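Chain IDs A, B, C and D follow the sequence of writing; residue 1 opens each chain.
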Amino acid sequence: MTADASRGAEAPPELIQLLTPEGERVEHPDYDIDLTPEEVRGLYRDLTLVRRVDLEAVALQRQGELGLWASLLGQEAAQIGSGRALTEADMAFPTYREHGVAWCRGVDPVNLLGLFRGVNHGGWDPAEHNFHLYTIVIGSQTLHAVGYAMGIQRDGAEAASIVYFGDGATSQGDVNEAFIWASVFNAPVVFFCQNNQWAISEPLEKQTRIPLYRRASGFGFPGVRVDGNDVFACLAVTRKALAEARSGQGPMLIEAFTYRMGAHTTSDDPTRYRVAAELEGWKLKDPIERVRAYMFKNQIADQDFFDAIDAEADELGRDVRKRCLALPDPEPLAIFDHVYVEPHSLMDAERAEFATYLEGFEA
Amino acid sequence: MTADASRGAEAPPELIQLLTPEGERVEHPDYDIDLTPEEVRGLYRDLTLVRRVDLEAVALQRQGELGLWASLLGQEAAQIGSGRALTEADMAFPTYREHGVAWCRGVDPVNLLGLFRGVNHGGWDPAEHNFHLYTIVIGSQTLHAVGYAMGIQRDGAEAASIVYFGDGATSQGDVNEAFIWASVFNAPVVFFCQNNQWAISEPLEKQTRIPLYRRASGFGFPGVRVDGNDVFACLAVTRKALAEARSGQGPMLIEAFTYRMGAHTTSDDPTRYRVAAELEGWKLKDPIERVRAYMFKNQIADQDFFDAIDAEADELGRDVRKRCLALPDPEPLAIFDHVYVEPHSLMDAERAEFATYLEGFEA
Amino acid sequence: MTILTLAKALNEGMRKAMEDDSKVLVMGEDVGKLGGVFRVTDGLQKDFGEQRVIDTPLAESGIIGTAIGLALRGYRPVCEIQFDGFVFPAADQIITQLAKMPLRSLGKLRLPVVVRIPCGGGIGAVEHHSESPEAYFTHTAGLRVVACSNPVDGYAMIQQAIRCEDPVVFFEPKRRYWEKAEVDVDSSDWTPFDEAKVVRQGTDATLLAYGPMVKTCLEAAKASEDDGRSLEVVDLRSLNPLDVSKVTESVRRTGRCIVVHEAPVYNGFGAEIAARVTEECFYNLQSPVLRVGGPSTPYPPSRLEDHYLPDLDRVLHAVDRAFAF
Amino acid sequence: MTILTLAKALNEGMRKAMEDDSKVLVMGEDVGKLGGVFRVTDGLQKDFGEQRVIDTPLAESGIIGTAIGLALRGYRPVCEIQFDGFVFPAADQIITQLAKMPLRSLGKLRLPVVVRIPCGGGIGAVEHHSESPEAYFTHTAGLRVVACSNPVDGYAMIQQAIRCEDPVVFFEPKRRYWEKAEVDVDSSDWTPFDEAKVVRQGTDATLLAYGPMVKTCLEAAKASEDDGRSLEVVDLRSLNPLDVSKVTESVRRTGRCIVVHEAPVYNGFGAEIAARVTEECFYNLQSPVLRVGGPSTPYPPSRLEDHYLPDLDRVLHAVDRAFAF
């Protein structure tokens, strides 16, 4: 059913899917998952709330409260599915778009906004959440995740790392080096590529001429393509990959086949480079609608539940907005903070000089 | 027969071979080659002469006439086989070890020595020979070759480029980016990897856990493994790959499975990291001996022929030595030459200043 | 005369170069249909086709590495690095290959490659989108480094860079992309692009700047008038080579020199200027050459950038200091 | 007291650090069985095992990128870049990640990573094996940059760098690897590694150097005695931060300053010193700060390196010029 969506490349030979766009559960020989109604409701709640936070952030940007926002619209299932597969001990390395994963890791959404509002470059403690800071330089975090996984190996710990990156990122040298290192050291790392079909204005065929999940085979580890709009499948596939990584079976590449429903960021104008029909096609595969349909059909939730979630989402949106506006601007002298951990004479001198300079204005 | 040689990795599933170490011609369904006795003698001569030049260079280094030398010992067949597959219009991009390819491209061996003697960084005109300068920064030339091939495409020319690199180089980001670009643009480029089992002291398993030729599959183009000590097979495989590239069928990766018989360079001491038995095993697969055996068996040459080649080799060695010693040291002011093509005030000023400084000593 | 923004002037300059020479190519991320994130290549792919305006894979090393290969085949690639902070994956190709290959070949190879880098801050962007990495390249022998500051120069200098037989790193001050000026697009009677320009004459001190800071310095010079100070402003335009004679001529006359850039001061390009000017004008200097630049820290979050970036006040403060010596 | 070469002193220093802290790892190309191409890591893998002394794939970006990941997991990786000229593939990881991540995290993340770089020329090597890329890193805020010049400092400074909570780029002058000195391997009473050392006292001019050029400057100072000139030599040791007070104290006393390094002069680290010293010591300087360094060209073929590299004569020539001002 998603054959048409495989831009340019051949039909996806084995898209792992557990829930159709129409909300039908389907079986897959290698991947299955047994979810309690409670768990399904939890996933639905996650999906809905992160979409709401995302919408609020877009609005905040439109109103000038954020300098920029990179929307996850359309990619909720890929992020919630994979994010909920992680154990507390696992470590996640995001790009700049993993707001859904951040949610799963317990990062307060307001903390995501700091970077986009320009009050900091990253506002949470990675160790507290086992969720690394957002990385903007495309692909560079993949090596960090592999190094981290090599550390897990050395600690003999029961954990894995997972690293997120886009379809465009697969062209960077760093990402391919990360594949090599992970493979050579058999590191417990899962490569989670959200193929949202676009790298800003460039369609997938500018990065590869075969399906991305097959890249892994050239490096000697398995790659799979999962329906990135199917939260059940994303959860099942990632859970298995992480379990294998933790048990010493090495790395795995997961290509979550999905679609960037919005602009690349709020600065972008996708009408310049892509046709509306494409978007319409993908709307039919919405990651949230299918869960909702499934839940209705299987009486996992009633209208009251959905209403309650919507209300919670609205409340969350309001709360995020309020606290975003309250985010304090940093003090000018903060420019010199945290550049070095240990005392550094140049920083001290420049800070002092700048303080004197600023005092000159107050006088 | 080379299964044992596949260090760590599984047995080579499809090593393309047309001539066994014992000098027996074998058939391969996809690759064959019809060589006239004349051509076979030519290949034998090439192999012998480049080995002789190489030996002379090692000797020159030992005697302090070269600062360094990177020996091709053991890799003659990979280089001559592939080098002789090139047409004049094709362009080759070497590492620092492709003395055999240089020979095929008509580069005077003495010109190779300049770099190692320290009188220049590269002593031939790449355009004259369609043989690029030696590149020392591992892997960087692979992107140049792809860009060059993109130029061939734009020219609509009947040509291809070929780029040489080692097993170690496959770990560099640049090499993998080159694979991506070649694949995406379907560029007429052949990737010729001489897997000589070692990157200085590091065995192949530090770079990959599967056979290298399979790397290509992850990028969507074919890869093959050829017996790198079999000059017939190297010729046949490269010829076909180049023909396909020229006719618009895109890139190909050839892994020439061979062995670095000597040290990494004359500065290296391989006894620190590899066992003698390995070397002994590979001696039995010598790339020249098998051609000689084949020629004898098939009466393609008699003793007189071999004697004549040996004499030619000795003469060439003497000639190279003589002309190496005669290579002039560059003038001090040459430091400032060719840094820029167009006039550059900083270069002019520094050159003038240095000239005055030098004159101070003469006075 | 046509009124053009800097972005459009660069666009027209590239268009002209592409019309004049079919070997000129444009390549980079999103330079095609999108016309680049700043629209500097807008419309070029439409008019010159995908063979000449190439949307590349997302890999900066690949962009420069393949541009080198294209140049070896006789092409003249103009590469766009999307933002200043993303040039570093290409550092190796630029520093060890692009800069050194002509020398390596004893002059037999030429690499007429232009590396366009939108640079600098002041646009409220996130990390890596506001940097000024010029010093990494001015220190790299074999490269020419230039920075344009206005539409007139933008139109001319991009064409000069493309015609140059040496590799050129070409900085474009992104916060000035939308500034307008009258440009004579029919003339090609241009100042050589390795010459500085005195953009305002003065007698009491010399302000040296390039790229985004030229405008800031002009404003400072104007403001200084009220204090009765006459400041000369020199737009360096070329950072390697530096137009030493024009710079020293000015400083000898004024006796004071202040160099202004956005990049961190520590070992920034201002250091070279200060060292060189001092050596050449030692007896003419009434005060040491002062440097105004970013703090020696990474570029801060954008809510702090007004404090980070040199502005009118910071320049005038340095002028005061120079006069107080 | 033990007599050690610089290479061995570094080796012993690393060994000590690995014994003291099980989180210390050594990683790089050929650092294991081979012990590195200069044998600086000789024997470490044998004694600490492959988990702590890691032969890596041939990829510098990978080395630094994974070292960052290991540091995030609590390890203290000491990375070897095989030669100066091969650090550039790692430029992005060093400049955009290693240097900036602690700030990015508002101090929550620490990256105690050491990047060892054998540097400089004078060993008759081929291209890319003789460079001095320190200025690329001194200009990169977030990094500490140090250079050792002798076995005593080598032994101490490598341990200090490993213990430091900030990322450190650690330059080792490869042509001094085989120089010997007595090292007290039992003491850890060391000068802080961000302090300069006056290695010879003098009154008439100050020579500033680091790494390989310290020895050259000491020789020049000795030779100058015959001309009746008393030269002070300061080994900077730390390039970022610079020990400004020790440097300016010396220059104020002597009134003349010459900075010597192998790297190209143009925008090299000497530019920063010259600019800063001039600003701080303007009224004390009898002559401008002079810079002795490599020409602003790529490193030449080795038969020319004696002309390229600053030597006794070039330093003395600059001293003469300083006195002639």
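The working rule: contacts are C-beta pairs under 8 Å (C-beta built on N, C-alpha and C of every residue); 3 or more make two chains touch, one makes a residue touch a chain.
If you're wondering where the values come from, they're calculated on a predicted model, not measured in any experiment.
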item: Duplicate of the B-C contact set - from A-D, B-D or A-C, the pair where over half of the pairs recur; value: A-D
item: Most distant chain from chain D, judged by the mean position of its C-alpha atoms; value: A
item: Rounded Å distance between chain A and chain B, as computed from the means of their C-alpha atoms; value: 44
item: Euclidean distance of C-alpha centroids - chain A vs chain D, Å; value: 41
item: Distance from the mean Cα position of chain D to that of chain C, given in whole angstrom; value: 31
item: Chain A-chain C separation of Cα centroids, rounded to whole Å; value: 36
item: Residues within chain D bordering two or more other chains; value: 56-57, 59, 61-62, 85, 88-89, 92, 96, 100, 103-104, 127-128, 141-142, 240, 266, 296-298
item: Chain B residues counted as touching two or more neighbouring chains; value: 120-121, 137, 171-174, 177, 180, 184, 206-207, 339, 346-347
item: Parts of chain C lying in touch with chain D, wherever the complex brings them together; value: 61, 85, 88-89, 91-92, 95-96, 99-100, 103-104, 127-128, 135-136, 138-139, 141-142, 240, 263-264, 266-272, 274-276, 278-279, 282, 287-291, 295-298, 325
item: Chain A - residues contacting chain D, complex; value: 91, 120-123, 125-127, 132-133, 135, 137, 140, 142-152, 154-155, 161, 173-174, 177-178, 180-181, 184, 337-342, 344-347, 349
item: List of chain C residues in touch with chain A within their complex; value: 29-30, 32-35, 37, 55-59, 61-62, 85-86, 88-89, 124-128, 266, 295-298, 300-305, 307-308, 313-314, 317
item: Complex interface listing, chain B residues touching chain A; value: 170-174, 176-177, 180, 183-184, 186, 205-210, 214-220
item: Complex interface listing, chain D residues touching chain A; value: 51, 56-57, 59, 61-62, 64-75, 89, 92-93, 96-97, 100-110, 141-142, 144, 164-166, 194, 240-244
